[in-house]
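Naming follows writing order (A, B and C), and every chain is counted from residue 1.
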């Protein structure tokens, strides 16, 4: 591939972005939407779960924590394949009619990042002074109040976890590909379109999408680092 | 008058470590001191009385009712403990002090009003919006005390309240505690004798998790009956 | 012990409850919001999809039938058919008659209709080291094999069970080569993916490959490849495109009625005319040639005979046992 073609592609990309190409906008918005709902679900499940694990002592606690930290490394294609087999119309969950939908991608991404949120939340909660719990309790707090207080104290760290989780979900390819298949107007997101457009040789669009993807991910990453330093 | 606390052969172990053993005594309504070396079990005893933990063996009664897992929480609603190392939420002084009231359902304005009153009594007017964790040691102790007093507890447990305090702060705190003692039970664990003599009427000496001697504060300090108590007192004077 | 009037919800707990309500509402909307249009999914091949023709077809169909939303899932033919067997799509649009036969035989599909055709071509470096220009397809392959074995060139295969790949395998067999054996040779490269990527690989390696006309023209024009068309139309390189609806008796979740509508749309005069002109402006020739006019007019009996030999089953594009509620699809 000659430099000329790359240069042309870059020019095309800049033009697409500057002109606010509607397809570009649609794909970007969809990516954001899918990952947003994924994080919503993952946080709704992961934060209470992580807090519950962090705040209690129970047999096998160390094992549970290890399991979640290990699950962080789940390869996206593997998870995508598992989901595909489950959601396929001839699969056990086929009746849900979720295959090739953005909702399915969101579910997949949520499953992907729940271990991240759980692990980080558990650490954040444990890092908060154990005595904080005693403090709340001696001031008359119920178990629920106590947990809320500790979560509030750990909220900075939890926000970091949630943003990191969003990044992971937003930038992943395997799940969106296997479960969504990049259907135009339906399940096309930044990552799948870059991957498959590259195959079809549309360089300008691929580059434009990559620029957007990187811009969003790097900005959020920067945000995470700033928040981390304030810890 | 019925005893506030009745301890009957109370023991507390953490795994193999035995922190308290065979504690049997009563605590009446008078301000009480718990004396002993570090590691003797003072903090553990206070935690049991605060309802933060339950005994491994034996029984504690509070105002005649047995303390069980089920009613621990209601015990904690009327008994508040101040820890040796003051700890705050990562919030302002006002937010810290009103916490206990808020979770009891007291409205925001009312809670703030009561908090300000209590802070004023501890010479902390104007401190409301400062970050609690950023205050000086003495100021922190006073805020922690305000946080407890605003709840108007029936029992106030203080774990080494005047350790590391300059005389000025210690005096203010001492006065406030004395004021509180008129309405509620104060139990102080300490080895600061100046204040013990002034603030408390009754004392318990603990050594290695066991009660060695109990009695009126002045009697215990001036005429300890047990050799071990004598050694402890001599060591600290 | 310490009775206290307690509010049902103490103040610090409000944000938590509000949060739970908001999250539940959002999730409910996201998952349960009814989809207004009926969704139909067509499993098709990458070579067809990458030309952009399907997007136009989709737009036109949706314009005429606003209650429907058509989506294409493009994979290699083999994968496309597997997906259909699982019932994940409503119809297939592919170009591999033997596999299509199997699909019909297995009861997965009904109502097959041939809609268009074109030719596979053999492309390679413009200096043509194996000297195949103008030769017949089978002879060209033999010459390529000889040249490659002596180290002068390479061969790139799709290697992905697509229609093109299946065609390639059959051509090698007809040329007298043992596919399983040549596959392991160092001069035989497998791209494992779509036509564009395969062409680009061949371009990189100055190799020969089998391609469909549409993909070649498109990539050539875009400047992705500098390969030359060396062996063109021939009986052996005929490429026939058909649609098959998924059989609702076997795959109950298939949207049979919509699929049938789409099939009728594809064989309508309007669409067939579109096939005739698609690509002419951009590449100088039509990427696909419409089948229905050829069928009706009988203007090119030789070509028609080729198609019937290659893509008909027992003398018919869709034998009666594979038809179901076909209406007047077969005239």
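In the analysis below, contacts are C-beta pairs under 8 Å (C-beta built on N, C-alpha and C of every residue); 3 or more make two chains touch, one makes a residue touch a chain.
Remember, predicted model here, so these are calculated numbers, not experimental data.
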For chain B and chain C, chains touching each: A
A-C or A-B, whichever has more C-beta pairs in contact: A-C
Gap in Å, rounded to a whole number, between the CA centres of chain C and chain B: 79
Inter-chain centre distance, chain A versus chain C - centres from mean C-alpha coordinates, in Å: 32
Chain A and chain B, separation of their C-alpha mean positions in angstrom: 47
Sequence positions of chain A contacting 2 or more other chains: 145, 149
Multi-chain contact residues (two or more partners), chain C: 10, 12
Sites on chain B at which at least two other chains make contact: 77, 99, 103-104
Residue numbers on chain A that touch chain C, as the complex places them: 1, 5, 37, 40-41, 44, 88-91, 94, 97, 99-100, 103, 106, 144-145, 148-149, 181, 183-186, 199-201
Residue ranges of chain C touching chain A (in the complex, touch as defined): 10, 12-13, 16, 23, 26-27, 30-31, 39, 41, 46, 50, 55, 58, 69, 71-73, 75, 86-88, 193-194, 196-197, 200, 218-219, 222-224, 251, 253
Residues of chain B that touch chain A when the two form their complex: 47, 50-52, 73, 76-77, 79-81, 83, 85, 87, 89-90, 99-100, 103-104, 147-148, 151
Chain B-facing residues of chain A, complex: 129, 131-132, 134-142, 145, 149, 152-153
